[in-house]
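Okay, got some structures for you below.
In the two complexes that follow, subunit A is the common piece, with subunit B as its partner first and subunit C second.
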Partner chain A sequence: MLSLSSVTKRYGDVTALDRLSVNVPDDSYVSLLGASGSGKTTLLRVIAGFEEPDGGKVIYDGHRLDGVAPHRRGIGFVFQNFALFPHLSVADNVAFGLRYREEEPVTDPSELKARVADAIRLVGLEGLEARKVTAISGGQRQRVALARTLVTEPRFVLLDEPLGALDANLRERMCDELRAIRERLKVTFLHVTGSETEALLMGDVVAVLSAGSIAQVGPASSLFALPKSADVARHLNAYNVLSGRVVKGGFEGAGARFALPGKQAASDGAPIEVALRFDRISVRPAGATAADPAGEAAIRARFIASEFTGASVLSFFRLEDGTLIQVVAHLSGPAPQAFTKDELYELSFNPQDVIPFIERAA
Partner chain B sequence: MMEIAGEQIRSAAPAMGEDNGVSPAERRDRQERRTALMLISPGVLWMTLFMVLPMIMVVYVSFWTQTTFTVEPKLTTDSWVRFLTSSTYLASTWTTVRIWGIVLLSTLLIGYPVALFIGLMVRNQTLQTALLVICVIPFWTSFLIRVIAWRPMLGTEGAINMILMKLGIIDTPLTSLLFSEFAVLIGMTQIYCVFMVGPITFMLSRIEPSIIEAARDLGAGFGRIFFKIILPLSLPGVIVGAIFVSVMVLGEFATAASLSGRKVNLLGNIIVSQVGSLKWAFASVAGVILTVIIAVVITALLRVVNLRKEM
Partner chain C sequence: MEARALKPVLGVYCAAFILFLYGPMIILAILSFQGPGGGPQFPIIEWSTYWYQHLLGMTPPGRISRLPIGDSLLRSLTLALMTTVVSTVLGVITAQGFRARFKASGIVFYLVILGMIVPGVLVGLGMALLTNMLGIDRSWWGTAFVLHVVYTFPFAFLVMLAIFNRFDRSVEEASLSLGVSPVQTFRRVTFPMIFPGVLSAMLFSFTLSYDEFSRTLFTSGRDLTLPLTIYGTFSVEIYPNIFAFGVLTTLFSFTLLLIYALLMLRAVRSAQSFKGQEEAE
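Now for the complex of A and B:
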């Protein structure tokens, strides 16, 4: 198990990692979700040893890793830009670690050949062994980078936005393959990404990195269903976040007022943030005082624009106080309504679906 | 539909240009060939007039008949025989090659670490440029002053001897510092080192830092990374630097003339002195031999790396 405790890393006045603590279990696929600038890459570089932390500890199976030179840590790193050796062939790139590593290099040519061939077969690059890495496609380079790392049999592999440089089709295929490869090798993958869909799809466990520390860790489905803070909710790109105040155990703000689910311990007037999923909102024209289903809450908002994304339509509304609200309508349901720009609409939802975050704002 | 469209295109074509039956692709090819010819002709003209013709002339003159004060266009191999049978001239050819080899090696040994520092350690581009400019500062003075400035450094009463005496390391001044082959080697290394540093720095600064990190992550120590990654990737720079240094050192005469006290005679010195005494035919022989040596060296260096693929 890899555990980081209170790891801090500063660059001048900027604190990239702020007393970050996290445990990464063995034999698992962990995805680390973070916006750009949240310290994702710094975290990986600290684990790999390219940077040393200013404070805190990095411990792997009871051994301190910080302070150990990167080439003695036994941790694999797959770079975002692949970082292949441009003057070597595919096979020589893959063989590099085994051949030239300081500890226990593989000197027997036949063993070297067999292991390189295995790694190349693992990532499906048979037939390209003699090619220069400058003469293969982006997806193939990604595979070389992966094979080059995996052939050295690290128990822990760091993947820095490994799919970022690939086009959408290829990305989906690589996702499946990465998971399959990991399951076959029984190693730990720590996959860093800025895409919430990728993080949720890939990770057995998802960790959300925000402002230099881990905001939440958990299985993908529970993390998505129940974000612990407004920050995590924002990262998931599936929640509208409203801010307001607690009034009589309910929420008031942004031109809305509704009861909150469960009992709220917060006193009146305490600031509060609530998250409301994009797909839990229905829209109807304002003023049409249709029968309000019991317990429904509603906010008035002006329609701005819609985006057609294939299987669903994403609509943008603006509240009176300027907050942007997104609504998702799935096209599998009844035909979506056509909205008129700058018209007022009523956005209604069940207050039981709202997730309140009092402790964070308090 | 297709028929009609074809008809229209055919009827439109003659109206657009007078050259019937020429496809647009062909027309563009011709245009590009014309442009290429225009771009290359000044260079070709210049090189023909001032390099190819003079070189043919030098080869021709090397077979002329030389008397004490005149040279006549009567063909003979006398000058060639004299050069190739004289131990003095063969020795100076060997000296030229030997000094070239030593200077090439010393500029590489001194220049490479400097380039390594500027190109790889310094990742700030402004600082990189500033450091390279510092390397070029000696070139703000004239070539001769740079060479002669070594005299007060290396002389019997020069700075180095004074310091060594003051420190008590030596009792009597070292006389072999100045007016010796050593002085020529020092002078040349200092002058030509920067031509090695520049191209190597350029190649090193193009190496992605993540490539070196990847090699470390795969378990390689510094030595392996240097010999298997950094050196091969910077080799084109080494070759370009070596070509610069070779061309300049092989044709050198001024450094040897002013720092060796006439103890070191390079082919360049022979050409200068023969031209000085109006021995044109003999100077031409030395010139042809020097040109052949330079051509061989450059060809050999270019064999090491395919520069066209790297640039």
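Now for the complex of A and C:
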């Protein structure tokens, strides 16, 4: 198990990692979700040893890793830009680690050949062994990078946005393959990404990195259903976050007022943020029906624009106080309404679906 | 302005410029084919390869003494080779050091660069005075060699600095993450990738050292290098055999350039890639 405790890393005045602690269990796929600038690449570089932390400990199976030279850590690293050796062929790239590593280099040519062939088969690159790495496609380079790392049999592999350089089509295929390969080799993958879909899809466990520390860790489904803070909700790109105040156990702000689910301990006037899923909102023209259905809350907002994304339509509304609200309508349901730009609409939702974050805002 | 009108003008300008660059060399080449009775000027009395034969000692001994270049040519070549090796190694090491920001790196940078900025005559003279004071004998392989390195090392350093500036560190980190030691990483990854730059640094060092004059003048001691020997013959009388030698040494330089170009082509072809990877980001 890899565990980081209170790891801190500063660059001048900027704190990239702020007393970050996290445990990564063996034989698991952990994805680390973070916006750009959240310190996710720094975190990987600290684990790999390319950067030393200013404080805290990195421990792997009871041994301190910080302070150990990167080539003695036994941790694989797959780079975002692949970082293949441009002067070598595909096979030589894959053979590189086995051939030249400090500990137990493979000197027997037939063993080397067999292991390289295995790795190349694992990632499905048969037939390209003799090619220059410059003469293959992006997806193939990604596979070479993966094979090059996996052939040295690290027990722990860091992947720095490994799919970022691939197009959408290929990304989905590589996702499945990464999972399958990991399960076969029983290694731990720590996959860093800025894409919430990728993080949720890939990780057995998802960790959300925000402002240099871990905001929440948990299985993908529970993390998605119940974010612990407004920050996590924002990262998931599926929640609208409203800020306001607690008034009589309910929420007031952004031109809306509604009762909050459960009992709220916060006193009146305490600041609060609430998250509301994009797909739990329905839209109707303002003033069409005066009477709200029982228990429904509603906010008035102006329509800005819609985006057609294939299986769904994403519509943008702006509240009176300027907050942007996104609404998803799945096309499998009733035909989506057409909205008029700059018209007022009423966005209604069930207050029971709202997730309040009191501590966070206070 | 219309490109059509501009093109011939630029063409003429370019031709004039090239003539200006190579004119002296062409004149030298023509005059080297002067006949035995002719002098180092036009007109050509008779076309012949007499002075080439004279240079190589294939003519019967006569009134005009042979150019005493045999030994000094060997000395200059040896010196240039020594300088090339030392300056390039130093240049690569120093530039590698500059990849990590360190304290006072600015000062160190200018200290290195100083070697190519300070006037050669002054450095030569200073070295001569210093060795006099310390009672050290001056020689082409000692005092002059040191100054050649001081002079060419900054060039090698600057070339390598430019190369490392565009170097993607993640490739080295990839090697480290595979368990390969820093020394092996340099040998197996860094060096092959910076090799074109190393070639350029070597070429700079060699050519600069090979025809270095002012620094060598005061520091080479009794045994002269090639530029000094040739300069020495001017003080007696000039014969076309100097031109013949000029042609031969120019041919030698072009051969070096050709080898450089071929090596470069190979290196660039095998390392092309780099661009492709950056695009993929």
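The criterion applied here is as follows: the second predicted complex is superposed on the first by the 360 of 362 C-alpha atoms of A that agree within 3 Å, B and C clash if a C-alpha of one lies under 4 Å from a C-alpha of the other, contacts with A are read in each partner's own complex, and residues count from 1 in each chain.
In this section, contacts are C-beta pairs under 8 Å (C-beta built on N, C-alpha and C of every residue); 3 or more make two chains touch, one makes a residue touch a chain.
Values in this document were obtained by computation on a predicted structure and should not be read as measured data.
Taken together in the superposed arrangement on subunit A, subunit B and subunit C clash.
Applying the stated contact rule after C-alpha superposition, one finds that A:Gly138 touches subunit C and leaves subunit B untouched.
Of the two partners, subunit B and subunit C, it is C that touches more residues of subunit A. Residue contacts after overlaying the shared chain place A:Val283 against neither subunit B nor subunit C. By the touch criterion defined above, A:His87 reaches both subunit B and subunit C.
Contact with both subunit B and subunit C is seen for A:Arg101 once the two complexes are overlaid on the shared chain. In the superposition on chain A, A:Ala165 makes contact with subunit C only, while subunit B stays out of contact range. Looking at the shared chain after the overlay, A:Ile75 reaches both subunit B and subunit C.
In the superposed pair of complexes, A:Ala220 makes contact with neither subunit B nor subunit C.
Between subunit B and subunit C, the overlap after aligning on chain A sits in one stretch of 9-17, 27-35 or 297-305, namely 297-305. Across the two superposed structures, the residue set of subunit A contacted by subunit B and also by subunit C is 48, 50, 69-72, 74-77, 79, 81, 83-87, 96-97, 100-103, 148-149, 152. The residues of subunit B lying in touch with subunit A in their complex are 208, 210-211, 213-221, 224, 228-229, 232-233. Subunit C contributes residues 168, 170-171, 173-182, 184-185, 188-189, 192-193, 270-274, 276-278, 280-281 to its touches with subunit A in the complex. Taken in their complex, subunit A has these residues touching subunit C: 48-50, 69-72, 74-77, 79-87, 96-97, 100-103, 132-134, 138, 141, 145, 148-149, 152, 165. Partner subunit B is touched in their complex by these residues of subunit A: 48, 50, 69-72, 74-77, 79, 81, 83-87, 96-97, 100-103, 148-149, 152.
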